[in-house]
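Have a look at the structure below, then the notes.
For reference, chains read A, B, C and D in written order, and residue numbers begin at 1 within each chain.
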């Protein structure tokens, strides 16, 4: 195998394993959900094929495309229909290397409610440096013209308008739809998807326990986020 | 085996497997729930036997009846007591080929609450083209005279009065009771039952997260439903 | 083995298996919960030993007592500390043959809330003929003098004052504590415990979905209860 | 093996097994959570290493430190970053021998809501003798100077100001963060963590079922707590 072939085979394996983690973690039902990984130098994206059942999926079926989403391998399956969203995110968020989309129950609850997820505790702060934004609703024109692509654009717009860094807030809620998360590896992006779902669940419940709840103070957010991320990180979880 | 015997054997196998999926997906407890399939040309319905435990059930025990619910095989077990409801639905909804009834937790919550399920997000729109109706309460006479059959009639009445198509809204909530779903195959009808339960859960929760929530716009409902159904479908889930 | 020994061995096996179903059904955590069976003719009660872990329990460890709760076998383990409650229920509710006590999550929620469980749907009506009562709070004297025994007495008092039949309402919520259910066999009593927990969950949620919810009409309660119980029963579940 | 080596090997095994129980009981996701045990005579604490996945962990990897948290074994892994919190608790609560920290869903909900957990039922009273306190928020200085250590101090302050005994209330909610529990053994501390999570879940729900709910009376709290703890205990659970 050439070096390029070897790298792609390893990407397929990582993307495959990360896809399998989604039902294992209870983050997807049926065939909902998809994971991709990008290698910008090599000019390839590897993503889950469309509509394949998790229990029958093989690493070899993962679809290889160029950086704008055109399949590169003969006889490959169709890539996930959400690929255009992934492509836009990879183009705009240059530091991310893997993306996950799910319809996980608690994240979708917040996406459908159309609210940003407040940072109510340190579980949130360990992985996300502040509120997780919910995008605006797509317009009729955006939906009709290029729905999946414009889903990517509305995410990027949200981060730009609010001056958020994709490296610090590795996830988003798309209004009326569901979550996208990302990370440096497929496994890390799945982990962020799991954390997002968990903090969505807890946030909903603690607003009921205490309707007067407010977000944790900035200094606690700083402490938890930076003891795990960046140059001065020292916390290994647990 | 004759062709007819072969077709019925295959129906039994599909109905059997779909019934087993109900406890696997967490949609039924104990012996609650039943699945059937119809073959109108052959003049047969195949349905789960009554009161048999899922872990002891065999494909061979599935009950074969004619199109009005009379058992056709000697020594067969009793068909599910809900068969008369299935019969009425098959007679009125000519395009459906399989029906599922469960007491799945979240769907029953809405049925007991007596509310239509609003289309709050794209998970809903991927499978159901709009609100999922909740029937009116059966009258005392309807309950006393022919309860199971009239459960079918009140479902049909609901779809007729609201001008809904069973092919576009493959499920219903029966007031105070629970859900029925349908589809082109037993597996597809079970899948719709799973999706209905999931969107019932999410709808309840997102009304709490945002009491001012409203349904997604028609153009987003159109996009998600039609990218997966009909002549221009292109989305393979995931 | 004598006939008496044989009968007791079979009781032990049934009580053992029913106890094991409690954690399997998610109705108990740790060592919480206990099941007993009575044979009035033989003058014996068989009950779970106290404080034994489910995964290490054997059928042989089930404790045999007389009808007032005195152990009958040499070297037997201690019976469940809740035995005096069981004894009082067996004395007052002559038609019941098995009792289950759990701290199952949803039933305890209602017991702690101190409310009767309304009959909001047919899942309830299939097993319980009307509201499931919550007892009053025990007085300080009742708690201090004979707590477990008086827990039985307050259950009996509740049924007598409200003119309820234990055969028709096979369960109760003890205020601030949790559920007791019963039935004709240990397995049936466990099943009632499972159903009670499920309808407690659904009732809580559908009050949130529709705060104006009311109980199902008497004729629907009658239909569902009597198609499964009594001389004219015809419904085999499913 | 010397006696000291033998004792430490046994501590490692107990701490290892208790750590594994956390994901088994659904109390932790990913690598969140940690368990420790102290032997004051021997002058050692054994705690989970930092950032190791549960499925790959071995008993041998448990980290041995002195009573102020300095690792004692050459080439050992890094101790859990929460060790300074454990150290402070061991110094102030002299009767406790094991500590558990998790981010379990329901306990975190209450911690983020910033409320004490009321004693709404006997499941609570069986393990905790009264309200479970939620600490105040740490100040900016406390967080910046010695966050993990000051997390311990704010717990101790909470118990001192409210005149609570760590032996009677074997757990606490740290504001905006999550639960710590303790006990006489690692297994017992995990058990208290499980119970705390369960009663947090039930308390939230029964406040919704009955917003006018109040705590159980003191005499019922006394009965349930003391029939299981102290010189006159007689209740073996179940």
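Definition applied: contacts are C-beta pairs under 8 Å (C-beta built on N, C-alpha and C of every residue); 3 or more make two chains touch, one makes a residue touch a chain.
The structure presented is a predicted model; accordingly, all values stated were derived computationally and were not measured.
Farthest from chain A in terms of Cα centroid separation is C. A straight line joining the Cα centres of chain B and chain D is 47 Å long. Per-chain CA centroids place chain C at a distance of 33 Å from chain D. Residues of chain B in contact with at least two other chains: 208.
Going by the touch rule set out above, the chain pairs that meet are A-B, A-D, B-C, C-D. Note for the complex: chain B touches chain A at residues 120-123, 191, 194-195, 198, 201-203, 205-206, 208-210, 213, 216-217, 219-220, 223, 227, 234-238.
Residue ranges on chain A touching chain B, taken from their complex, read 28-34, 48, 50-52, 78, 80-82, 103, 105-106, 108-115, 137-138, 140, 143-144, 147, 176-178, 204, 207-208.
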